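Labels run A, B, C, D, E and F following the written order; every chain starts at residue 1.
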C-alpha cells in the first residue's frame, strides 16, 4: 500500500488528542531562562572557499549552557544595508557541511545562517560540533532519538532546541542582519527544530517547515518502521519497563505541542507517500498550528517532499511575507 | 566484499587492451561534420527565479541534427568583462532541473552552463528536452543504454555527445563568455560525456571528470550488476544473438577510447567502493588519459566520490589551471 | 498484509466513479479511421523451427500508421477448412519470442496469432518490432508507461492498441482463418490490450482477459508501488507540474473505460494476492464490463493468477462459447 | 561481482579432484538390481485436456521399490510407426503440472514422457506423486536436499534416480516407442537426474543437460548461498557433527562422478552468471563427461541458461544425432 | 504500517466465528485412544555435559504409535522429594539442542522436560528425533505445515500433538515428578503445541503460552506473508484444487478450537508488532480460552514477545499458581 | 561467494603486518595506572529472581575513572569454598539483561560474573550502565565504534577496556572467588574485550575468545560491509579528512596488537562464513596470539560460530586447563 496513511480528506481535518504535561510551558520557560544566562558574543571568522560572490563566516556561538556551537553565515558580496536572514536547520544525521553546500538564499539576496547540529554530521554531510552531555549517558539505541530520553532535562533535543533558540537570538543581533526579518527554515529534523523555535522565540518573523520530523511520536512509531522514528520502537522493544517514561519525555518535544503555541506565518509541505515522516504526523502539527498557515501537498512524493518545485514556493512565500509587512 | 574490484596498486597501473574499430576517428569526424552543418544561433531567454544575485537564461541551442536542446546559463549579477565558463553535464536519469539547483560556479565567479540531457530527467531532477530518434526505435531494455544500440549511427549517445559538443561550440561564442576558458565538468554520466567531448572538441581548456560512467563497458558488466551498466547485461541476456553487435557499437562510445585522444589538463576522481562505476573502469580511462592529469582517490566512498570535499578540489584545480595559463 | 486490497465482498461490487473526457469515443473513432487508411496486405513467410506438426509463419502486417509489426502465425499441420483463431498479446517487457514458446492453441486445434509488442521484448522474451515515434520523445521514466504521456495523441499505447486492432483486422481476412471466430487472449499487459481491442473492434467473438494491466491507473498507483504501475508514480514524483496532464492522457487508455463499451462474452481471472495488478483494479474493469462475463478468482495467487489451472478454464470457455454459437 | 566464479578460460579446463567411495559402482549396481526386481507393467490412461492434436496419457509406472510414480506421455495425434522419445525430468520444486505445459517435443514429432518427481510439486508446478520413505525420516532442513542425507541408502535422490532409471526402462518398452532412440532431457535438477541416468542406464541414446544441479556439492556450497544448494549449508550449520557424513553421502549422488561414467553423446548448457548452479559446478561435470559432448555457453545469462535460444540448439542436436546414427 | 493488524481495543474483544467439523472431539478421542495403546516405559539415560549442579537425562519415550521420541529431563542436583515439572515444547524448526541450552527451570527449582519435535531441528537448534510417516508422503511445500495436509489422519501435527500428549503422560509418572504439578510451556510453535495438549490432557495444571503459532490459520495467511504460515499460502497457490481440503484439515489443529476446550489456568503473551504470529491470531485463541487466564501485551515487540521481561512473569505466575493451590 | 575471505590454508598462516604506534604500551600502562587510582570496593546487593538454586548479586564496581559499572555475579547455591570464576563480556549492542539469561557457568559449578557494557544494551538485551564521556562528544556515526575516535584518549573502547580490566581486579578479590582461577569469556565484542584484557591484566588464567570483534580493523572494513565494522566505513565516508586519524586511534585498540602480548592459554573459535567478523580478522589475531592456543573452525557457520557445539568445547577446555594446573 503506497497510501499507507489516512486518505487526504481525513488528513486535512486530523486533530488527534494532544498529550502534554502541565508543566510544559514552565519547563521551557526555565530552560530558556537558564540558557540565556550563558549568552556570549559570537565569534565570526571570515573564511575563503573560492567563492568570489559571497562572504562566508565560520560562526561560533554560545548555545545550550553556553556550549560552543558552529554555523556558517553566508552573505551576498554585493549588498546594501541590513539583510533579512534565513536561519536554517539541517536534516537528521547531517552537519553543516561546507558553505558551498548552501548557496540558495544568498543568491536570492538574503543573509543565510546554517546551524550545525550538535553531535550529528557523520551520516551524510559532515558536522563540526560536539554534543556535551550534562550527565552520564544512559544506554540508548544508536542514533539521537533516545539519547537521554528517560528525562526531559537530559533529553538530547533539549540541548538542540536551545542551540537553535540561541542561534536566533545571536544572529538577530548581528550588525549585518535586519533583526525584524528572521525566517526559520528546515526540512525533516530541520523542520521539527524550526517549528519548535518558532513557538519558543518571539524573534521569528516566518517559518518554512518542510516534511517535519519530531511530530506526533506515538502515531509515528505505530505507522512506520522506517528510521529514524524506529529508533524509539527499538528502544521500547528492549526497555519494556520504560515505555511510559519515554513517551512522557517525548511529549515535551512534540511538534504538535509547539504548533499549538506558534504565532508567525508558516508555509508547510508534505509528501503523501512519505514513510519517513508520515503525512498524518505532519498534518497533526499543521492542523494545530496556531499562526497563519498554508501547506503544499505533494501527492506522489516521499520524504523529498516537493524538492526543487517547493524551493520556488518558499522563495515566493518569503518575498510575499516580507513585502506584505512593509 | 567491499573492495570488490582490484587492489589499489593494480588499479594504478591497469591498462587493459583497448578495443576500437578502425573507423573510430572517421565515424566521429563525419558525425561532427554533419552536426555542425545544422548549427543555428542559440536563443537566450532571461528568466526570473527570485535570484537577485545571478542572471539566469533559459537557453535553446541546436544540438545533434540541429535539434533543439535546452540548458541554463547562469551568470553572476556583478561581473566585469567576459567570464570563464564551466559547461556541466548531468548524471544519468536527471535533467537540468531549476537554476537554483546549480549555484556553485556563479558564486565562485564563473559563468555556468548546464546542458539538459535529451530524453532524460524523469528519475530525479526534471528534464525539458525530448530525444528525437532518426529511425524506428528497436526493442530496448528500459533506460538509455541500449537505445539504438544495434548500430553506432543510431545509438542514443551519438546524439547526446553531439549535443554536448555543440553546447561547447555555442557557449564559447557567446559575448559574455571567454571562449579560451571553457571547462567541462560532470559526474558519472556527466563525467563520461565531458570526457568524450574533451577528446572530440578543440575548444576545451580543462576537464573535471568525476566517477565517470560510460567507460570500459565490457569489464563494467562483468564486475557489477548495479544499474545502469546492468541495462546492457539485461539486454544481452534476452538478445543472445546480438551480443557482439552490442559491444561493437559500445566501442565507439567508450570513455577509454576517448581518454586516449584527449589533450587538455584533467582532474579525475574515483571512489574505491563505487559499485555503480567500479574503480577499474575509472582507472582504465584515467590511465589511458593522454593529457596532463591528476586523480583524487576516495578510499571509503561509493558513487558519491569525494562529495563536497572534492568540490573544493575542483575549485582549486580550475583556479590554478586558469592562473597557470595566464 | 497479504490481502492488502479490499475484502472480496467489496471487490465484487466495486464500481468506482469512471473518469473519461467527452471526446473519448471521437478520439478512438478518428484514430481507427486514420489507422485503417494505412492498411496493407500482410506478408506471411513460412519458417522452419523443426516443428513437424505445426506450420509457422513469420507475419509482417501494417499496424499504427502502416508501420511494420511482427507476429507469429501458428497452424496445426493437419487441419480441415478454416480455423477459429486465438489472437494473443504479450505481457509487459516481453516480445513474441520463438514459435515454440506458443504451442498451446495449435495443439488444441486452433489457429494462433501472437503479436509482437512494438519496442518491447528486451526484458524477458525477445521482441523484433521497433517502435516508431511520430514526434520527438519527451523525457520519460524508463519503460513504456510514460512514453509520450503528455498527450493522448503521442502516448505509446495509442500505437500499441492500433497495432492490436489491425492485427485483428488483418488476421481475420486470411484464407486459413474463420473470420467469425476471432478470440482475443492475453494476461497482464496482454489482457489490457485484449480488453481495449474487444471494445474497439467489432470483429471479436470472445475475450480471455487474465489479471489485466492498464486498468484504473489512479487507484493502482495509490495501492501498489510495484513496477510497472510505479513508473507513473516515479514520473509524477519528478514532474510535479504535470500530474493532471498525465492522468488526463491515461483516461483515454483505461481498461475501465473500454470495459464499459465491450460487448463480446469474456472470461476474466484475478489473483487476490496480486500486487502487480491489484484485485480492485481488475474488478473495476470486470464489474463495468458490458458483455456477458465470468471471472475465476484465485484467492492465494499473485500475478500468476490461476496459472495452468486457468489454462484449462480457458480451453473449456472457448470450446463452449464456440459451440453455443453454432 | 557478477562473474563471481572462475574466468571462462579456467572453467574450460577445470577438473577438480573427484571424490568417490570405493563402492560407488557396487552401490548403484545393487540399487538397480533391487529396483528392477519390483518392475511391473505401467498403466496408461488416456486423458482429455482439450488438445485435439496430441494424445495424452496419464502414466503410472513402478519406480524405486515398485512404488507408483506418475508421468505424462504425450504423442503427436498424427504419426507413423514407432517414435523416438524424449524423457524429461523436472526442475527442483516442480511437479509434472498439466500436459499442456509440455508441448514442445510432440509438436516437433517426438514422443515425450515427463516424469513427476516424488514428493515435489508444491513450489511452482503441481506434482501428484508422493515420496515413500523406507525408514523414519531424520531431521532435515526443509526441502529435499538433506532428506535422509545421513546414509546413501536412505537419501532421497537414491529413490528419485531409480524412478528415473525405471522410467527409461518402462518407456522404452512401450509399443509406440522406438526403444533405440531414448533421449534424456532436463534443466537444473532435471539436468542432474538426466546426467545420473545417462551413466546408470544403457538404454540412453543422447543426453540434453541444461544448467545441471546436483554436481560438485562441495564447491557449490562454498561459492553460492542461493537455494537450493544452501539447504546443505543450513543443515551443516546446525548439525556440525555430521558434516563429513553428509558429504560422504552426497558423493554417491554427484553429477561429476556420473559424468565420468557416461557414454552417450551429450549437449550441455551453462549460464556464466548463474548463481543457482554456478558455472564451475557445471564445467566440473562437463569436463569429466566421458562421452561425445558439446556445450553452449551463455555469457550474460543466469540460471535460465540460453532459454528459448537454447531450445533451438536442442532441437537441432537431437535431429542431427538421430540422423547421424541412421 | 507497523500496527498492521487490528487496533488493541478490537483485539481485546475479537471472537471470530470458529470453524470445526462435527467429529472434532471424536477425532481426537480416537487418536488419543489409539496412541495410548502403544505406551511403553520411557528409557532414561543419565548423561554428562559437565554440569555439576544439575542432573541430565537423555529420555526416550513412546509417542504417536509408540514411535521413539527424544527429550531432555533436567533436575536440580540438590533437591527434596518430588518436583513440579515444566514440560516444554520447542519453536518451529528447532530441536532439543543440548541440556545446557535449557537451564532456567532447574535453576528455579523445578524439574524440566524438553521434548524434541519429530523431524525438526535442522534450522537452528539441532534435533535428534525422526518423523515416521504412516503413509506415503504427498507432495508438500518444504517445511512441516503442509506435510500430510490433505487428511487430518496423515497430518504432521497429529503425530506431534500425540507425542506431546504422551510426553505429559510419561513424565507425570516418573518417580522424581509430582504428577499433580505439570506445567506446559512453549513459545510460537511450542505455544501452539502446549495449548493443544492443555485441551487434550487432563494432567495439565497450568499453561504458559507465548506468542502461539498454529492458531486461526485462515486469518493468519491473509494478514501475513511471513514464514512459516506462508507455507500454507504457497501450497494453496500451487494446489489450487485442494484449498478447501487444506483448511478442513487445519481446522482439527487450530489453537482456537483447542482454546475453547481448555480448563487450566493460563498465562499468554503477545507482541503487537509480531508479523510471524499476528496479534489477532493470538487474541482469537486467548479470547476463546475457556480456563482462567491472563495475558501480557508487549506493544513494541515482534515475535520475541516480552523476551526476558516475560520470563519473570512466567516465574511469578507458576509460583503463584502452585502456591494458590496449596 | 559464501567463502568471501581467504581459503582456509591461507587463513591458517595469515600474519599481516601489524601497525602500532611506539607508545602503545605506554598508553595502556598510563591508562591502567590512572584507572587503578580510582578503585573503590564493589557493592554487592543480593537480588531475588525466583532462582532457588543460584545466588545472584547485583554488583556495582568502579570502572574507568571510578565510574559506576554494573554486573551480575551468579553463584551456585550449593558450593564448597572458593570458586573459579568466569568473567564474561557481552556482544555488541547488548547489556547484562537478567541473571536468568546467564545460567551456564553456575550450573557447571563456577562463579560467573557478567559485566554490563557502558552505554550499550538497547539493541537486544537491556543494559543498565551509562557511559560517562570525559569530554564533549564529537560527531560520530550512530553506534559505538566511532565514539571519540579522533583521539585514543577519548575513544569509547578505552573506557570499556578499563571497565573490563577493573572487573577482573575487583572480582578476583571477592571472598567467594579463587583469585588464581579467573577465566575470561566472550563472543564477538565480548571476545574482543576479553582478548584485550587478557593482554593487559596479569590476573587472567585462561581466555575463551569466540568469533572476536575489534580485530584488524583495516582489513575488516575492506572485506565486509556488515555492521558494526561498517560504522567505521560510514564515518570515513563522511569525514574524508580524518581517515588517518581514525586508523591511528583504532591501532591502540586492535585485537591483533593485544594478541601479540597475551600469555595465558586460549581457546578461539571462528566461523568460515562469518561476514560480521570475517575469518581473516579472527585468524590475524589468533595467529599472532602469543600464549598457548587452540582454535575450533566451523566451516559452515556464520557469526554464531559453533553455537551450542562450541559451548561443550569451552566447558571441556576450562575443566582441562584448571585440572592441568593442579
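Here are a few things to note about the model shown:
Note that a residue touches a chain if its C-beta (ideal position, glycine included) is under 8 Å from a C-beta of that chain, and two chains touch if they have at least 3 such contacts.
Keep in mind the model is a prediction, meaning the values are calculated, not measured.
Path length between chain B and chain E in the chain contact graph, taken as the least number of steps between touching chains: 2. Counting only chains that touch, the fewest steps needed to get from chain B to chain F is 1. The interface of B-F is repeated, with over half of its contact pairs matching by residue number, by A-C among A-F, A-C or D-E. One simple way to say how far apart two chains are is to compare their mean CA positions; for chain C and chain E this gives 51 Å. A separation of 37 Å divides the Cα centre of chain A from that of chain B.
Between the Cα centres of chain A and chain D there is a gap of 64 Å. In chain E, 1, 125-126 are the positions where the chain touches two or more neighbouring chains simultaneously. Listed by chain label, the pairs that touch are A-B, A-C, A-E, A-F, B-C, B-D, B-F, C-D, C-E, D-E, D-F, E-F.
The touching residues of chain C, counted against chain D in their complex, run 49-54, 76-78, 97-98, 100-101, 103-104, 106-109, 125-126, 308, 311-312, 315-316, 319.
Interface of chain A with chain C (complex): residues 1-3, 273, 298-302, 304, 306-307, 309.
Residues of chain E that touch chain C in their complex: 1, 4, 221-225, 233, 236-237, 240-241, 243. Against chain F, the residues of chain A that register as touching in their complex are 67, 93, 95, 119-133, 135-144, 146, 234-235, 238-239.
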